[in-house]
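Labels for the chains are A, B, C and D, by order of writing; each one numbers its residues from 1.
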Amino acid sequence: MDLAATILVDGLIYAGWLFIVSVGLTLVFGVLNILNIAHGSLYAIGAYASASMVGAYFALGGEAFPYGSYVAMILAALLVALVLGPLLERGLLRFFYGRDEVLNVLVTYAVFLILEDVMKLIWGVNPYFVYEPYTLLGDVEIGPLFYVGYDFAVIAAAIVVGLAVWLTLNKTRVGKVVLAVIHDSEMSQTMGVNVQRIYLGAFMAGTFLAALGGALTAPMISVTPGLGVNVIIVAFAVVIIGGLGSVPGAAIGALMVGISRAASVHLMPEAELFIIYFVMAIVLLFRPEGLFAKTQARKI
Amino acid sequence: MNKAVLEVRDLQKTFGAVTAAQDISVTVPEGAVYSLIGSNGAGKTTFVNMVTGYIKPDSGLINFGNRNIAGMAPRQITRLGIHRSFQIAQLCAELTVEENMLVADAIHGHPGPSFLRRAHNAEARERALATLERFHIAEHRDRLVPELSGGVKKLLDIAMAMAGETQIMMLDEPTSGVAADEKFPIMDLVMDALRSAGVTVIFVEHDMDIVTRYSERVLAFYDGRIIADDAPGEVLSDPEVQRYVTGAPA
Amino acid sequence: MRFNLLLAAVIAFVVLAAGSVILPDWAMFLFAMALAKGLVCLGIVGMMRGGVVSFGQGLYYCLGAYTATLVANNLGVSDIFLLTLLSSAVCLLVGMAFGPLLSSYRGIFFAMLSLALSMVLYGSLSKMSFIGGTDGLNIAAPTFLGWAPEGRPLQMALYIYVVAIVVIAGVLMRIYFDSERGLLTLATRDNELRVEYLGASVRNVMTYNYVFGAVLGGIGGTIAALALGHVDPEFAFWTTSGEFVFVAILAGSLSVPSVFVAAIILELVRSFSNLYFPNTWQLALGIFLLAVIVVLPKGLGSLVSRRKGSPA
Amino acid sequence: MMKSRIGGLLAATTLAVGMAGPAAAADDTFKIGVITFLSGQAAESFGVPAWNGGKLLVDMLNEGGKLPAPYDKMGFGGMKIEAVIVDEAGGATKQVQEFRNLVQREEVDAVVGYVSSGDCLAVPPVADELKAFTILYDCGTPRVFEDGSYEYVFRTAAHATMDNVSLARYLKSRDFDVPSFAGLNQDYAWGQDSWADFTGAMKQLYPDAEVKTALFPKFGAGQYGTEISALLREKPALVHSSNWGGDLQGFLIQATARGLHKRAQLALAAGDHVIPQLQDKMPDGIFLGARGVNGLAAYARGGELKQLTDTMWDAYEAEYNTFPVQAPFRMWQALFGLKTAVEKAMADNGGTKPTSEELAAAMKGLSWDAPSGRIEMALADGHQAIQPNAIGTTKWNADTGKMELVDVEYYDARCVNPPEGMKSQDWLAQGFPGAECD
């Protein structure tokens, strides 16, 4: 197969994954104005929960209908969002709204540290495996290369997630209110929007998306401690490139990072480590607030 | 008439489809007091913002002291001698009134702010106090900005702008946010201070009583253009101005 | 006032230096490391006063450490004064190169861009296997103007050296914070527009704070490298920088000494939680962090210093 | 005068810390500080199994009489063993501090630890400065004793050069045709060094083999889709990887799903430790090593060490319900070595608890038996161990439901380790001078 096509396919697969893990981060930042370092931990918890749920599904006789494991994965992510979303947002984050952005980064850093150990207390240090869903969708042969059908399912999932988020924000009443809050939370507060509920909802959605990213990744890796650390930095880069708080930005950022990383692995493997920072530095140099950031002139 | 201190020629500015300034040409003589009137969005503040460097005009000249300052940064224009105040007083909210003054003093001290000299040094505090006294706000010097009334904030805003060598002072709605019964005392205070310093004044104002009482000449803005440029009485009786700006019956 | 500052400096020096006699070996080392890291955090506090927080101060911490190590290993320089001088000069130059670039970013963008820069250094060093890659390098014990102590005297000499640098840097930064430029920095955090319309350059203000932070970071890194005897790219990793930010927030921007107290507290908490909760030390540290942010929103400094006129 | 108030606070802290006195171990107890990974990626692969094995052995020794001679005596020379354990996660900076704390605050009699090469490089100078007897039990980098020399520091496991030289020798001895090969290694010193060692050894044994590509995905990357595409495109005959832990498991799952193992021979320098987790998901026919005759290779070896090996193997399986892989084996050889050294020193000093100096003198050049074979402190003037190695091929036994290692080749310690006084890079570059192979 043509090298360019390989790069494109590899890049798209990676970008799909990147988008799912970073769109929740950008959404939470847009609404709550908190850059959530613990997003990586939520991703890892999603992976663990998914591994446990899928494991339980097969243990309870799921072999008869293995495709049900996909439902188990999504349920795992939902469960994480339902438990941890309210716990973190109502129990902790709401006390920090309106505080300095950077201080809030530290708050979530503390949450990240705590969750790392909590995961260890719940799941131990031994790895969890659930390969069944990964091989269930068969192979896809493109030229001389084999891909796993699951890879393309991840792209599809990313597109579904992207469309769902976009449609919810732009075509529903709730979504428009969320957009208003993203734009100006103080103003929407005076307009009678129940900002608290919007915050909780957005954080739960963000948690769900992080956990979903982990849940979808779980079948292709071994779920071990320390999973979250590596995710958070790339997700940050994607979100910063796209512009904090912008959903289309996260999509474009994911595509840029995904494809340039794939190109680097194929053409210049030694540059792979830097490529993300390189893309980010270039973008910020020309657009200091990222590609799709809301730029607002200040009224004086 | 004194020689011109500010000459504006054919300023143009559009924001997307909105024309914010169209063929703006004005000549302001030294020591004059000009006022700018017009409804919201007519282009008064845009004009002030262009002269003081907050907005870069699309084209046109702004001549001040033998050079075209159009497109220069606010910092450079301020250094040349055009200072301004703001619709919403721009103060440092976490500092006291005195410290706000000390900031202004430090910047304009010579040879510029020092890394070693204490900000609260005796001479600077004396100068700051003198300026605060000139604007009758010395009693508030130890208070933090959020505790101040609208009028005091406005005065402090202007006092800070006066810390440097000011040739032109542009006041953007000096009485907005000020209690009705404070408006005239504050304007008296400000105009006395500015006149005694020999500063040319250009102010934006909605209150026609203030316009007639303090300005020598009025520029009426409508739709990004200047539709009248004359003495207050002439401008306010101009039918076009009455229709578009003051809304008074013809 | 200046007399008071001098007196306070002398007292601080005497109290801290007394540690070289009172403290057991392990604690003296821990204090030395904490003070060295405190220097880096002092730089962040300087930036915090201007309203920005660097999440990439590991860049200079690492750069200083590597400069000292490479110079010591390749040019045979072992004098601690010379090494400190050289690495702070390198950091000064690099800071002057990046300062103007970063000075137009604020908030989360400043934090993230500075983080990206330090991660690039981390990545580059990790790739350079000829200088140890991720494993890093060792650096021999320093000499002090020709004197080459060993054992406890070495630890004492290093400790006193850090204490002296900390006191000098602390006094200089205090003078700077109280100066006209220092006030200008506070004004910039409050209202950049006002500062620009008073005729001062906000970028200038930001650049100076950044460059001072760079130099302090380099000095801190040099001392840490000499005390540890080892450097590795981890010095530039984001979690290292995150810890510096934590100390700076714990200290708050009101008081210089509280920066060093905060640094020592963090080291102690970490060291003991590591030993007593080997499996859950991150949990312990996270809870400590949250507790500090909740209980002391303005930092340790707010316990001892209240800005004149500020509401209680 | 806030400054002096803070000064007061500082003074108080200083004093408080000064008072808190540590408790030194009594004379009938030998206190060891153990440092290994309890969190992060290396915890599940190395740290936790190693200490599981270590704890087991310490308990068995404290009870006494559970092991065959010469290890049948209780504790270390009759002294009860007490262990303080510290998490290795957090980087070399933290480890140097923790090391000082262990030695100066906890006053341990010996330190046994370090999986990470960075930590193994950072700690020895401090160990010498503090005159603290220290055993590096796991880490791989040859640089520790090739770039420095230490009096109180010993490494009881062979360094990593052996792993990749053995792998290359295995290919040669099995007449495996390698027209080309590629590498996928973690992007940090371990992966970079392993790849350099492997290419160095291949240059000697397969001078005509072409290097197709050298990939270095980030440590902990998790996603190898792009790398696998690159490997499939380049079509090398063999893919070398020194990945470990989650990175190796993730790579294997994704690579086998895309059929990489059918198109190229996979050769894993340190791959045995993922077998208990992957079980039958580990494909058949992979060449792998265990960084020594550890795990399955030790179990399959038999011979005169069978009794010792089986005792430990069975105890481990009974306790943890899984078989021991390389990490516990290396912890065991360190502890057996320490026991031998302590007892030797006590024989020399009349039976009192040995000092660090006495321990170091006893350890230098020592050799002893461990489940992983004969360990000889043969390099770096008696401070660096060499040990035999083994490489085998995976084969799933469906009947027993267990992974087996077949076609195992055992290599003498002196065949795959450089001789005394020679750096491993030079040894590779010069074509293994002085290697003693059968």
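The criterion applied here is as follows: a contact is a pair of C-beta atoms (placed from the backbone, for glycine too) under 8 Å apart; a residue touches a chain by one contact, two chains touch by 3 or more.
Note that the structure is predicted; figures quoted are calculated from it, not measured.
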Given chain C and chain D, the chains that contact each of them: A
Closest chain to the centre of mass proxy, which here is the mean CA position: C
A-D or A-C - the one linked by more C-beta pairs in contact: A-D
Maximum centroid distance from chain B, chain identifier (CA atoms): D
Centre distance in Å when chain B and chain D are each reduced to the mean of their C-alpha atoms: 74
Chain centre separation in whole Å, for chain B relative to chain A (CA means): 49
Approximate Å spacing (C-alpha centroids) for the pair chain A, chain C: 33
Interchain centroid distance [CA atoms averaged], chain A/chain D, Å: 36
Multi-chain contact residues (two or more partners), chain C: 126-127, 193, 279, 281-282
Contacts with two or more other chains, residues of chain D listed in rising order: 38-39, 187
Residue numbers of chain B (touch at least two other chains): 86, 90
Of all residues in chain D, those that touch chain C in their complex: 1-7, 9-11, 13-15, 17-18, 21-22, 38-39, 84-87, 90-94, 96-98, 100-101, 103-106, 117-118, 121-122, 125-126, 129-130, 141, 143, 147-148, 187-190, 192-193, 196
Complex contact set, residues of chain C against chain B: 1, 175-176, 178-184, 186-187, 189-191, 193-201, 308-311
Residues of chain D that touch chain A when the two form their complex: 38-41, 43-44, 48, 187, 213-223, 225-227, 229-230, 232-233, 245-246, 249-250, 253-254, 257-259, 274, 277-278, 281
Partner chain D, residues of chain A touching it in the complex: 1, 3, 6, 9-11, 13-14, 17, 116-117, 120, 125-127, 129, 131, 134-135, 139, 144-148, 150-151, 217, 220-222, 224-227, 229-231, 261-262, 265-266, 269-270, 272-273
Touching residues (chain side chain C, partner chain A) in the complex: 53, 55, 104-105, 107-109, 111-113, 115-116, 119-120, 123-124, 126-127, 193, 238, 242, 245-246, 249, 279-283, 285-287, 289-290, 293-294, 297
